[in-house]
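Quick one: structure below, then a few questions.
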Amino acid sequence: MAVTLEKIPGQEERVILSMGPQHPSTHGVLRLVLELDGETVIRSLFDIGYLHTGFEKSFEDKTYSQGITLTDRMDYLAPLSNNLAYCLAIEKLLELEIPPKAQWARVLLTELTRVGSHLVWLGTHAIDIGAMSMFLYCFREREEILRIFEMVSGQRMMTSYFRVGGLALEPPLGWLDRVKKIVDRFPERVDEYEALLTKNPIWLRRTQGVGTISAEDAIAVGLSGPSLRGSGVDWDLRKKQPYSSYDKFNFNVPTRPEGDVYARYLVRVAEIRESLKIVRQAMEGMPEGPIKANAPHIVLPDRESMKTSIEALIYHFKIVTEGFHPPVGEVYQAIESPRGELGIYMVSDGSPKPFRCHVRAPSFANLQGLAKMMEGRLIADAVACIGSIDVVLGEIDR
Amino acid sequence: MESGYLTILIYIGAVVFLSAAILGMSAWVGVKRPTREKLSPYECGIQPVGDARERFSISFYLVGMLFILFDVEAVFLYPWAVVYKELKWFGFTEMLLYILILLAGYVYIWKKGALDWSR
Amino acid sequence: MSVDLENHAALKKLRAFDPDAVEDVQAFRGELTLFIRSTKLRRAAEFLRDDPELSFDFLADLTAVDHYPNEPRFEAVYHLLSIKTAQRLRLKVRLPGDDPRVESMLPVWPAANAYEREVFDLFGIQFENHPFLRRILLPEDWEGHPLRKDYPVQGNITRWP
Amino acid sequence: MVPVFYIFAALTIIAALSVILQRTPVYSALSLIVVLCSLAVLYVSLGAKFLAVIQVIVYAGAIMVLFVLVIMLLNAGRERHTEGSRLARWLGVPLLAAFLVEILSVIWNGLSSGAVAPPAPDAGPAAVGALLFRHYVLPFEVTSILILVAILGAVVLAKKQL
Amino acid sequence: MEILLLLVLLPPLIGAGLNGIFGRRFSQAMVSAIGCGSAGLSMVSALASAWAFSHHERVFDHPYFTWIQAGDFVAKYALYYDRLTLVMTVTVTVVAFLIHLYSRGYMEHEGGYYRFFAQLNLFLFMMLTLVTAGNYPLMFVGWEGVGLCSYLLIGFYFPKKSASDAGKKAFVVTRVGDVGFTLAVALIFWTFGTVNFSEVFSRVDALEIGSHQTVLTAIGLLLFLGAVGKSAQLPLYVWLPDAMEGPTPVSALIHAATMVTAGVYLVARSNVIYAHAPQALEVVAIVGCLTAFYAATLALVQNDLKRMLAYSTISQLGYMFLGCGAGVFAAGIFHLMTHACFKALLFLCAGSVMHALAGELDMRKMGGLRHKMPTTYWTFLIATLAISGVPFLAGFFSKDEILAGAYEGPTGQPWLYWLGTITAGLTALYMFRALYLTFHGESRLTPELEHHAHESASKMTVPLTILAFFSVVAGYVSWPKAWGGTEQFDKYLAPVFGRSEQVLTLEAAHRPEGLSPGALLTFSIVAAGLGILIAFWFYLKSTHIPARLAERLSGLYRVMVRKYYVDEFYDWLIVHPLRDGSDKFLWRVMDAGAIDDAGVNGMARAAEGVGSILRRIQSGNVRSYAAWVLLGAVIWLAYLMFGH
Amino acid sequence: MALSSDTLFLLGVAVVKVVVVLLVLLTAIAYIVWLERKLVAHIQSRWGPYRVGPYGLMQPMADGLKFLFKEDIVPLEVDRFVYWLAPFLSFTLAMLTFAVIPFGGSFKLFGHEIYLQIADLNVGLLYIFAVTSLGVYSIALAGWSSNSKYPLFGGLRSSAQMISYELSLGLAVVGTLMISGSLSLRDIVNSQTGTWHLAGTNTFLPHWNIFVQPVGFIVYFIAAIAETNRIPFDLPEGETELVGGYHTEYSSFKFAMFFMAEYANMVTVSCIATLLFFGGWHGPVFGPAWLHVLLPVFWFALKVFCFLFFYIWTRGTLPRFRYDQLMAFGWKFLLPVALLNILATSFVVAWIGT
Amino acid sequence: MVPLSHYIALSAILFVIGAAGFIFRRNIITVFMCIELMLNAVNLAFMAFSRFRGNLDGQLFVFFVIVVAAAEAAVGLALIISLYRSRDTLAIDELDSMKL
């Protein structure tokens, strides 16, 4: 935080420009320190921590279940993905199987999250490059997705809907109809976005060949998610290390070989379409059954049984007041969040609170690719580059 | 002086008065609660580093210079265009020659890279 | 999930490469953890990255765990991933409580840059030969390393004389 | 008409003085722009409307823009006091005064106000154009070469620094 | 005829336009079809018009439309066609067409294919404008046009610094000559009140011999200054060797066959003026002869094949001027024509070699190519024989006519002849040196090149063969008098030059009689033979001799290799002072400019006076300068006011 | 100068014209802002302003008042005088251009022919160019005086952009000048009266210059968008890169003046486009005498409105160029095209003339 | 009608002001601007004479002076820039050794 670039001796003519934290196109409170020769970026350095909240410390003082609410606030554009990663990590620790309906619902909702997150990215990325209408179109559509979230969890953004062992609540009746509406209408909306941008010559000029990063470099600096796939690496955890029964769904992993801003744009837009495919499959194939695993000492009982069964009441009391005791051990659970590999490293010492919980935030890693992308480009390209790796500062600073 | 020019002088006077009045008014009416942070130059919320009036790329000068020279050309074109119907082919060749000579310079600066900003 | 992790290719190869490097092995929930001697870390890392069969070219994560008050107090944790084989591997290096330092993995995985800064910032572990080892999340003038277990959660209490 | 001349003559002189008295080059440049514009008004009063506009377009709108740009580029601040020419310091003022007096007396003697102005010639763009493109063709073409040379020279000089 | 001439002129223009504007989109085949097609069309029209016109003695002079009208100054778009034009158009179009054909192969793998053809076509158009123009201003347009195209084409490989520098050099140096041309045109207008060829010539003709000599001499010299620039004569030749940075077909077309001969054409076209200005003509002859000799010596030590050819071109151009200057214009034009054939051929062969050797041009690194590239070798041999003046080939006839003219022409002088003959020997020497170094002897190629070397494609060799054919036969249009010929070519051009030669002969009636024509002829043959023999001896037999010679005469050799230090001299004379003193200079000029513009009479002179004092004071302080200037102005004004 | 009643009358007319034009102009600018917000909102499927007054019609007033009462922050270390001068210049110059724009025909009042125009100069078009050419200063000086990096960048960029496109702008109209043979805007419009005659028959195509100068028009219009710093050429302001460009450090009404100047310039260039290429106020005229006066004004306003609409439309649709691309576009494409257009036009005109 | 002499007097005053600036100012750019001032003084004289002689030639001179001034400014400022870059000063008194 608050680092500076020292001028290289002999190059005093170069200007050191601080971009951010209060800058419209750094997507939050990211600060870049640029060394400019004229308008060309020679070196760059990112400076973060303006949103640092110490979540990793907080986890250690909360029970496993309480921790879920913190995860919402990390990648605030994809809260359900964070929930999922966190719950999956604990479930792995506990070796807990969750029922298919919960799995399907989780897939459906995280994919909707992905779409919503990509929409925000598309809108802000476009407005960075000056296409302001795009932003509002994207937010209009995102609104509908947020309504679904609100419907199932009562919250638009800080959902905390996934719980260890399943879902928090039974989704309301008719929610799938709403989902269907979105899924039916969406492809043509995506066409609309593409009509505005994909072949627009100005857009092409601003993005093609800009912020190029090779596959080797991308892997070396730890890029993941669409940013990595934009460099031609076919890597998607949903395919390669399936979790939450993603292996039962049929979808493609779009990649582009160019590695420039445009490639990442195309990959994300294609991902929106793929996610919609998954949502449709999840919606149509949604199995019937319970939404929680049958593990009474871990999963909270539903209200009905709590009121009728003394056992349930005791479990409830134990879980709420003390929490559950996972075995001693450590796991690393990664999922494919909209931004890339979101990993939770959970160390348990047998107590009801995590001994250590570390979040491998995709944006944090992706940020490291930025310097490479911007080197030798103009300031205006820097803006396009930042937009193209789609960072969320909440997740970076944690 | 023709009446047209006098009218324009009146108009100029009116506009100048209007702008001055607006500016004066806003300075007079607007609240003033200055603080040190408010009055510091914008640098994305960070303490400014170095003097803002640093030197900038020479390309700006080049553009200004090219502008002057082509502006002169343009200035010749206006009277030429106005009397063009009387000059006909003579005017055409005259200007063709003129433009071609300038075009040589134009091509030169193009090749020289003076028009490239993304070096 | 009781895969025979003792015969994991990475472990076998690494042992063959340098019998001294692996201090200890752990397997839990299908995840293999290798404890590497801190002096051997660089060589082992390069081997794991460059071996064509293993090719752990992707440093997915780097963090640390504080086992205060046990000794050795710190563990630096490296999560490796191979894009080619889709295998994961966890490396751990045990570090002492007083003056914990370990070699920077920046030359092996450039991605380590920011992670190491973060671990330095929050745990106070020194990464040797890191070119720009400064605080990353906290202000430059912050005192202490918050993720250490002995860091007062309420903040530093000022003692009056 | 008559007052217009005196008003703008006064403005011209004040602005011109400001050009040489201001310590900051930007202010000098701004004053010079004022001089140029008020001269344009005087040109109009002399019937030269076309030239007045050209004066503003080229002189005030292009040449001075370059000046301002260069001042901004070089970040030319206040000038420092340097040891200059002794000759200029001691002889400058008397010389200038003598020069002015001489010229004014020449004007006084030579150009008595008896000269009656003939009717103003039509100095619109068409008239100027006709004259320019019929009788001054050669100078016109030569300017193109001049400009060409200027372009080459300036680009060479400026590019050398890149 | 009106239409036919336009048909000669317009196709290249249209071709240039099409290729220039749409070329980027066209395929290579399309571009070359347009490029070669338009050149071919132009050639056919030129041949047709030549055929239609060939028997006329009169001049075809047709104004198409008025082009410039400023006061009395009227210039029309007029075409002028007589036998001289006929020869020129035919030569230009034929050579150009062949080079277009050749370029298809040569430029195949280069970038900017369309750009090249567009510029080549544009050049052709400009060249044709130059030779068919009916007045000086129009000719000047063509003159500048070819200059521009030459500049563009030299700089064709503009990313290469040396190429763009060469382009600039050509541009700047020829500009000096153009000033002369411009002034000459102004002077012509001032003197005769017109710039039309027909009118100017008839008015000159109407003058009495000897009257207006000064003015005419001035005009002649100024025109020649233009010619010197364009035709790369002493001292403005420096740009031509550097111009070899351009693609080889360009060197062949522009810098050997056509554009550089524009100066010769200009002098020949203005023969009527020169007829009345024999002093000017003498200058032409002397400069030409000296250039011929000088450039030949330089060609002797060049190792770069194309540069060697460039110096050779300069030398041959010198011959042409020698011919014109000696008053035998027809001989000059004759040499122009033959030279166009064999020099274009030489360059194209060089291009072919270059093509085969991946751009290698250093003759020291070649050798033994004879077997690898037979066609190129044979055509090169023919051209070499032709240029060396070996009997019964084109160059022999034309060169001998010039040499004979130099001796016995109206303004010829014996020493010119002797120098010219020595030059002829040198020509044979350096040409055969090149031939031997390149094609004979041991191969000195690097292994990769050795492997790469191959005969060029038929696209390139066919034009070579055709040009070789012309190089052999072109001379037969004029069988030398010494061998009982009638010099038909002279006769044919008599309507153009006859009158001038007559005037000149009248003026210089007292020519000394000396050697017989036969003897003159023999000497030149002997010179050529000697040259060839020495070359054979030095470069095939005892190859160590040249090196030893160079060692022995190292001073001279170094001077020659460094081109007599002319480039350095120019650097010292022009470039350096400009660079060093531009600051001082600018301020002076600005001082002076400001004062000058003050329009107060005498001010400038005052400034000058003050300036001379300043030179002694030289504080270097601008403000002091200004104060001094002001002091001068005050004193001067005071003098004006009170002095009377 | 004796003040005859005639002179007084004309003077009165002049004053009335000045007042009316200023009032109409200021209102127009205010409502273009409203129009833009409304239109862009609809393009983006939003409502736009709708709270203040019906359809948000009072929004401009509210905005104006807000600006007036906002705190006027003058940062430390700015160059005070120039800092004030810049918005003043910007606004004044933007308004000055209207002095020569004719917005209708003429009518007779008390025996005087009264033209709907403040002044008809025979160098009218050049007057406009002269005034706009001074506009560069306001921007350059605003950037310079703010003593901050972002504004300085914005100011330099903006000045460079403006002067670059000013060239193309100036050259694009030469074709029309050649056709009309005058620089007076009224003459230019009058040369576009009637309809085209093709092969002797009267077509319904109005005799507008756009049909003979399409290239000129396109170049003009692109350059005009750039000249007014609008999307896709709004680089200098480009919020996402340079925050606010040269007016980053401006607040309160000084900021509003830049803002208003931008819109005034939009109106100006739209007016000129209408006058030069679209026949000015010409259009079908019918009805009683007063309609003969008012209808042309209506046509004129309508045409100008169309341009403004187009402006706003592009704003809602296109992304932004990068700076080097923008400069390259201006210098390497627009300028040569404008020159070629001139040459081609002159060729044709000369051809027809002979 | 304002008499000719007044215009010329104005021109003379402007010229002298320009000359004064030239002599007394130290900043090379300001000095350059003073030269422009002098040029303009001359232009005004041209213009006035043109008007009082009833022909347009004076105006054309002004036209050409403006054009020349444009070229001069372009080159002059380029020189100033390169001077500044090599010497890092704009003070005219320090630019006395005439080498770039």
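For clarity, chains are labelled A, B, C, D, E, F and G in written order, and residue numbers in each chain start from 1.
One rule holds in what follows: a residue touches a chain if its C-beta (ideal position, glycine included) is under 8 Å from a C-beta of that chain, and two chains touch if they have at least 3 such contacts.
The shown structure was predicted, so the numbers you read here are calculated from the model rather than taken from an experiment.
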Most centrally placed chain - per-chain CA mean versus overall CA mean: B
Pair joined by more contacting C-beta pairs (A-F or D-G): D-G
Remotest chain, chain C as reference, centres from CA atoms: E
Computed distance of Cα centres, chain E from chain D, in Å: 46
Distance from chain F to chain E - Cα centre to Cα centre, in angstrom: 55
Whole-Å separation of chain centres (CA-atom averages), chain C against chain G: 72
Distance between chain centroids, defined by C-alpha means - chain E, chain G (Å): 44
Interface hub residues of chain B, defined as touching at least two other chains: 5, 43-44, 53-56, 58-61, 64-69, 71-72, 75, 78, 82-83, 89-91, 94, 97, 104, 106, 117-119
Where chain A touches two or more other chains, by residue: 2, 15, 23, 39, 378
Set of chain C residues in contact with two or more other chains: none
Touching residues on chain B, where the partner in the complex is chain D: 1, 5, 9, 53-56, 58, 60-62, 64-69, 71-73, 75-76, 78-80, 82-83, 86-87, 90-91, 94, 97-98, 101-102, 104-106, 108-109, 112-114, 119
Chain E to chain D touching residues, read off their complex: 68, 70-71, 619, 621, 623-624, 626-628, 630-631, 633-634, 637-638, 640-641
Touching residues on chain E, where the partner in the complex is chain B: 65-70, 141, 148, 155, 158, 164
Interfacial residue positions of chain D with respect to chain E in the complex: 84-85, 87-88, 91-92, 95-96, 98-99, 102-103, 105-106, 134-135, 137-138
For the chain D and chain F complex, residues of the former touching the latter: 1, 26-27, 30, 33, 37, 40, 49-50, 52-54, 56-57, 60-62, 65, 68-69, 72, 124-126
